[in-house]
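Worksheet: one structure, shown below.
Letters A, B, C, D and E mark the chains in the order given here, with residues in each chain numbered from 1 onward.
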Amino acid sequence: ATGGDGPGGTPQTGGTVHMLQNADFSYLDPARGWDGGVNAFYRLVYRGLTMQAAGDAEDPNAVVPDMAESLGTPSEDGLTWTYTLKEGLKFDNGDPITSAELEFGISRAWDPEIGIGSPWLKNTVEAPADYLGPYQSGEHPGIETPDERTIVFHLKAPFPEFDNVVSQVNAVPFPVGTGAGDEFIKDVIASGPYTLDSYTPGSSIKLVRNEHWDPDTDDVRKAYPDAWEFEIGLEGATIDERLLAGQGSDVNAISGKIQPATLARLQTPELQERVISAEAYCVTYMGMDTTQAPFDKLEVRQAMNYAVDRTSLQTASGGNQLALPATTIIPDAVNGHKDFDLYPSEGNAGDPEKAKELLASVGLEGGFSFTLDIRSNPIMQAQAESIQQALAKINVDVQLNVIDTSTFYETIGTPSQMHDAAITGWCPDWASSSSTMVPPLVDGRVITEKGNTNIAQINDPGINARIDEIRAMTDLEAANTEWGEFDEEVMALAPIVPLLQEPSVFLPGENIAGYIPNTSMTDLTIIGLSDPSRG
Amino acid sequence: MTDTLLHVRGLTVGFPNAHGPNEVVKSLDFDLERGGALGIVGESGSGKSMTSLAIMGLLPKGAKRTGSIEFDGAELTDLPERAMRSYRGDRIAMIFQDPLSSLNPYYTVGTQIAEAYRSHRSGVTRRQARTIAIEAMERVRIGDAAKRVDHYPHQFSGGMRQRVMIAMTLSMEPELIIADEPTTALDVTVQAQILDLLAEIRSDTGAGLILITHDLAVVSEVTDHLVVMRDGDLVEQGPAERIFTDPQAPYTRMLLDAVPRIDDEIGLLRTLPTTEEAR
Amino acid sequence: MTGETVPRQTVPTESSSAETLLRASNLVKEFTVSGGGLLGRSGKFRAVDDVSLEVRKGETLALVGESGSGKSTTARLIARLIGTTSGTIEFDGREVHALTGKALHGFRSEVQMVFQDPYSSLNPKHTVERIVTAPLAYQRRPIPGGARAFAGALMERVGLDPDHATRFPAQFSGGQAQRIGIARALAVSPKLIIADEAVSALDVSVQAQVINLLRRLQDEEGFSYLFIAHDLAVVRQIATRVAVMNGGRIVEAGDRDAVFGSPQHEYTRKLLAAVPRIRPEWDAARRRNDQARREREDPGA
Amino acid sequence: MIRFVANRVLGMLIVLFLVCLFTFVIFFALSPDPAVQICGKNCTPEAIDQIRANLGVDQPFWTQFGTFLSGLFAGRAYGTGPNAIDCAAPCLGYSFQSSQAVTDMIVQRLPVSATVAIGAAVLWLLAGVAGGLLSAVREGRFADRFIAGLTLTGMSIPNYVLALSLQFLLVVTLGWLPFPQAVPFSEDPLQWFQNFLMPWIVLAIGMAAVYTRLTRANVIETLQENYVRTARAKGLSPGLVWRRHALRPALTPIVTIFGMDFAGLLGGALITETVFGLNGIGKMAADSITKNDQPVIMGVTLLAAFLVVVGNMVVDLLYTAIDPRVRVGSSA
Amino acid sequence: MTFTPTELEVEGAAGGEVVREGAPVPPPASGRRVARAFLRDRAAVACSVYIVLIVLMAVAAPLLVKISGYGPLEFDQDAVDPNLGGIPLGAAGGMGADHWFGVEPGNGRDIFARIVYGARVSMLIAISATLLTTALGVVFGLIAGYFGGRVDMVISRVMEFLMAFPALIFMIAVLSALPAENRQILLVLVISFFGWPYLARIVRGQTMSLKEREFVEAAKASGATSAQIIFKEILPNLASTIIVMTTLAVPGYVGTEAGLSFLGVGVVPPTPSWGQMIASSVPWYAVDPAYFLIPGAFLFLLVLSFTVLGDRIRKLLGEGTA
């Protein structure tokens, strides 16, 4: 990430920051929502035991204490993790936050209809199979609260990265007994620096200061502006136009990444000064169903890796500012990344000759045809069309199957419905390690009928064993190095074709300061205005 | 009473187009005495309606009228539209063939009857106009006029609609009534009533009448003077009795021979080789 | 050019011994009139109420009455264009009121119709040739001598130029168009022609031509007419016998002269009284003058 | 009259019922499993089954349809137990993607759609009738032919092409209008007006063209009616002839189609709202389609059909009031 | 998008069920005279020429593309600038001798080739949909109008119901939920499914008045069956209506296809269609207006041409009274 204070100088206290966005947040309830956009929003209003470090920190991927006095203390066997809460923590109505509220809030993750967000709590904390959350089953049997400030988690199995689990957005406190049904979908009970002023779904959210948040208890959040306004439902092009024009309150506006078309218009020095780009935390790849011909043959998969023209993919995705060729599964920005390219080509433009050779070696010199599932999204369609063009050179005919965005993941996550291959992306659940980057894509034991993430359906005993081995390592630094090695080992089997890392370009308003955007999650809590009186 | 009410000379109506003047009424001359009844007969398309519309100054778009039409000493063809308007409805009234399409479906018959009166006489209140409409309806013997004055045209039968049309002309006591095929769409019994009614009104008010029809029997009963037209030409004109007893033009004779009689003469009807035979 | 003057001729009084061609007994037709919409109660309206009539071979039965009295409905019942509610129809000794489908074709070639509006009764998109051969085509009968020749012959019979066989109805005048309608009726050599107001829409001179044509054809070929009209003067010219309808019923029927000379029913009298007429003394005077003129112009005659 | 109204209402209810049934059948067949949506990422098949049972989506079709219908009138709850979600009548469904009752979503966006629809309707009605009258009066002359050209053009521009062109021209190139920004009227009337101006124009142009032609044709035809001639024969002034005898009959049919067009537009101008980023029902529908949020699509479909059907009925009733011929009791 | 296939439909709507009576059906205008009048009409000729050109272009697409040198799916990396989001190099969207109409940003596909191939899709879909709609509309309209009563009641209800439906929303919803295979056939089916009532209503009205004409009765009296009456007697009289309605329907369907593709539920990529091209140009219209203007202009002109043509044909046939 680009460090520093951002283009507008030093953030000052006061004013209102505007966020222009297309889609509404998935849920205001952190037990339900779990994606980059809403995670950044939750950070403004909710606090957990730990959290990802500030955007301007040395290592922004690191996990640091939030409401806890320090990171968790594991027991000898790694099965019990204990945290101690800071003093003076309060909800937005002034009620104190104790371990009971935290336990209650965390236990909501087990409710089958509410706890649909991050699965990590459920995956790691011990609970009977019939425990269905606080509303149906009462107190959580796997979490203890010996006193008001201490909370103890009993795990199913040792999990060295448990600090990451309690940094997940669904590990936040709520007043005991609240939040059944759809209560929190439109309401917020804040523990962070801001609380909800008004919410019009699909159109706007206004946040104001939570008077009961004590900055002294919070080492990360700066909370410069007095208020936040999220304008929702704007078209991408409109957002860009407004940011370019910077009229009125738009000088105080930020937004997600800009559209490729806008790039060409950022060429004036004034605009160049405002432009910030952020590294990719995700990989865009093509997964091939390794259980079916022809992708059951290693040579064919390798041929695919050789044949794709990553330069053309790059241009189709918006050029070199918005896309970089990917040859590894782990993106550069994620801890554990190792640089390698097992299937090199001149200028990343693909090596059709090599690919043809490989195909010929398995008797497929005449080519073949396969169906590629893609999402109905212009960029993804452009990428698919590029692959189509590149593979045509080796006589491979690609049929595109465009699937509606809403059903896309459901379809490709259902092995019986997915076609021969699919283009999709993957991001780590936390960037501080690659433990959540590679395994979900290649672990043969996570293949399920529905919600499958291993779309290549590769089930290799060697790979499975390696995953268990690295996960058990308690030295997280060493583990990350191993994940990098693991990445290369996996790519030798070529279950997927890494295509691109897609960094983003952002154009904050002129008066924005402290803005360090990030493609995984932008830290909103350190943003402010350089001149709060403007706009 | 030799006072001429209407004096038409050289009346020509044409629809000029690329091929020429296309005259449908050609240099027509006739007179109507005050209180007299003139019949204009002729086949379909012979220009009867155009003649009547020319007198009213209501020719359709694109029509060109020349010649002279003198009404009560005033030359109508020279009159500006505004002045002509004061004649229409007030001094010259017209009754059209198809009473349903000639009445506006959106307004009650009362409104439409009183409309002419209200527009020609200033300061008439709604109530007065209504009374006048009721009186007019009573005069054409529409029963329960006080109630039916508020009905709409479609609620009346064909004969009654025609009575409404007549009532419409009555309120102004016009000096000339032009009736263009007023009974063509009606049954004989109803036709007889309407013709009686017209005769009665004429004797009451002394209005002149131009009755346009293709039915010779009808004109023979109603009018005292006859104009026979064919293809826009005046074939023959004169007192009714003369034309019926001693028609001069062969066309008139043929026409008279072609009329089926109810009283007399059964046999092949005489026909002229008409233009159509020549086609 | 004064045109042809046909000597007046007296139509022989019909012989009551003539054979019956058509006999309709106790015909009833009820129409369902809906009150409109889904909730509307539907009622029954009797358009034809117990009508019995017969048409003899070679004679013309005229059906008169005011508008809406059920004349057309009766005609359509007899022509089997609509089904009867009750009653029987016997044609040439056969019961025909229950025939359907193909079985009806035989009847269709013996009974034909001529309609009121010449233009409306001819399909504007069909040529004369197609129109007049349509009955044969629809009944899947061969066209003797080919369509062109057959149509030409028919057209000649009704006094049309056979060269105009490829023209469309709109290219003919009203009287000519009506002749096409008659030609079509003749195509199948019917025994009975039902003429529903066949001359009502025509100008007097044209009307006269058509009446003359109908009479000539009857004289030449001997078929029967059921002649529907509301114009009593026309009826008197063409009818052998007359039936007067009112309100769906036949109120009076009999020989023409009987009905016109001494009407029995009050409605018939009212109807007759209402007919406008040219004074007979004027007609008489005109005939005298006419005679005189003719003698003047052509002393030899 | 009462019979007529009752008949009309009954007919309308039948059509509405059919619309409901048809929509429900289609969406029943096409709909992705709401349980899967609720269950979210990392869901287990057991959890899905439990949610399905909770929502009643495992019930047979007719049961679900019954629940849906009763939800329309009496409201319903999604799920059981502490997490049950209440959907008050008239419940058009619940969007599990937006976590909102469809009815609420519609009600929230109705003001925007109504503003768009009303503004456009006023514009096209005024322009259409004025253009049509002018054309009719100047029949065959330059003005008429000029307007005819305009209307053909207006009818032929696909409205997204028009919308984009206008935006490109007026906003990007000329900068006469600012970028649309959601502001309520009370806050900044000028910006509010500028926001809606382009959508109004875009929606109005095609319609105005149709109305111009319709008005022109009706006026010309009415002027040829015999009763207009009668009116003139009565010696009425041209103003009176026009006002009473020409305009009223000529414009009455326009009322009928106007009612339906307006009702249709109220259900959302899909493309226009999307292009201009107006948060109305149309945009909501378009977004829901992209997200495959079937309950919302179904709700909007029903609403739009309801508006059209009701609009149709209102127009019919209105027609009986303006046109005496169709007044009940007469068989016109 | 206002969903107005033609304007006749609206005029039909105005009269509601009322069939204008007494309006005589004009006698058949002689074909030669109509043709001559048509040729004198400069606007009509210009429109026909444009339509013929587009049709030729669609038919000759492979040939044209061979001449221009780039296929519709071919990427040309050299024509775009990877440093600026893939904007075409050169002025006016990269127009020049190489790429006559410029290239698409991002992938450098030749716009000329895509326009040419897009014409194929647009015309194919619009014409197929028109044919299907016409067939359905005519048959159902004839049946409803001729038989009346219960049959009419059922068909009319179905039509009313289909017309009450917010067709656009529904089409999109259905199309987006259906699989992408055979998308063009689906498009035609879906468009026709909602389109036929508009024609059927007019055909029904005219049939109702035509069947009152005496020639129908005459045919019946001559032994014609219902089918013969419908198809031999009544149908020929609907010819001009159908011709006019059809020419006016084509632009509606061209627009509908483009609209659906614009909304992303039309043709499947990489197949080009004008609507799809316009949709993908939306984010670029400020930087690369040519990308939007070219398909926009082609589409607008095609729709305009058909509309004007339909209008003129209607006038000719309508005024063609002898």
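The rule we apply is simple: a contact is a pair of C-beta atoms (placed from the backbone, for glycine too) under 8 Å apart; a residue touches a chain by one contact, two chains touch by 3 or more.
Note that this is a predicted model, so its numbers are computed, not measured.
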{"item": "Steps needed, at fewest, to go from chain A to chain C via touching chains", "value": "2"}
{"item": "Chains in simultaneous contact with chain A and chain B", "value": "D"}
{"item": "Between B-C and B-D, the pair joined by more C-beta contacts", "value": "B-C"}
{"item": "Computed distance of Cα centres, chain E from chain B, in Å", "value": "52"}
{"item": "Between chain A and chain D, centroid-to-centroid distance (C-alpha), Å", "value": "40"}
{"item": "Chain centre separation (chain D, chain E; CA means) in Å", "value": "23"}
{"item": "Between chain E and chain A, distance of the C-alpha-averaged centres to the nearest whole Å", "value": "46"}
{"item": "Set of chain E residues in contact with two or more other chains", "value": "176-177, 264, 282, 285-286"}
{"item": "Residues of chain D whose C-beta touches two or more other chains", "value": "14, 172, 274-275, 290, 292, 332"}
{"item": "Residue numbers of chain A (touch at least two other chains)", "value": "241, 376, 404"}
{"item": "In the complex with chain D, residue positions of chain E that touch it", "value": "1-2, 4, 7, 10-11, 13-16, 18, 157, 160-161, 163-166, 168-170, 172-174, 176-178, 251, 255, 258-259, 262-265, 278, 282, 285-286, 289, 292, 296, 299-300, 303-304, 307-308, 311"}
{"item": "List of chain D residues in touch with chain A within their complex", "value": "32, 36, 38-45, 47-48, 50-51, 54, 79, 81-86, 97-100, 105, 108-109, 171-172, 178-182, 274-275, 277, 279, 283-284, 287, 290-293"}
{"item": "List of chain C residues in touch with chain B within their complex", "value": "1-11, 66-67, 172-176, 203-209, 211-212, 215, 230-234, 236-237, 260, 270-280, 282-283, 285-286, 289-290"}
{"item": "Complex contact set, residues of chain D against chain B", "value": "225-227, 229-238, 240, 244-245, 248-249, 252, 322-325, 327, 330, 332"}
{"item": "List of chain E residues in touch with chain A within their complex", "value": "73-75, 77, 80-87, 105-108, 176-177, 179-181, 264, 268-270, 280, 282-288"}
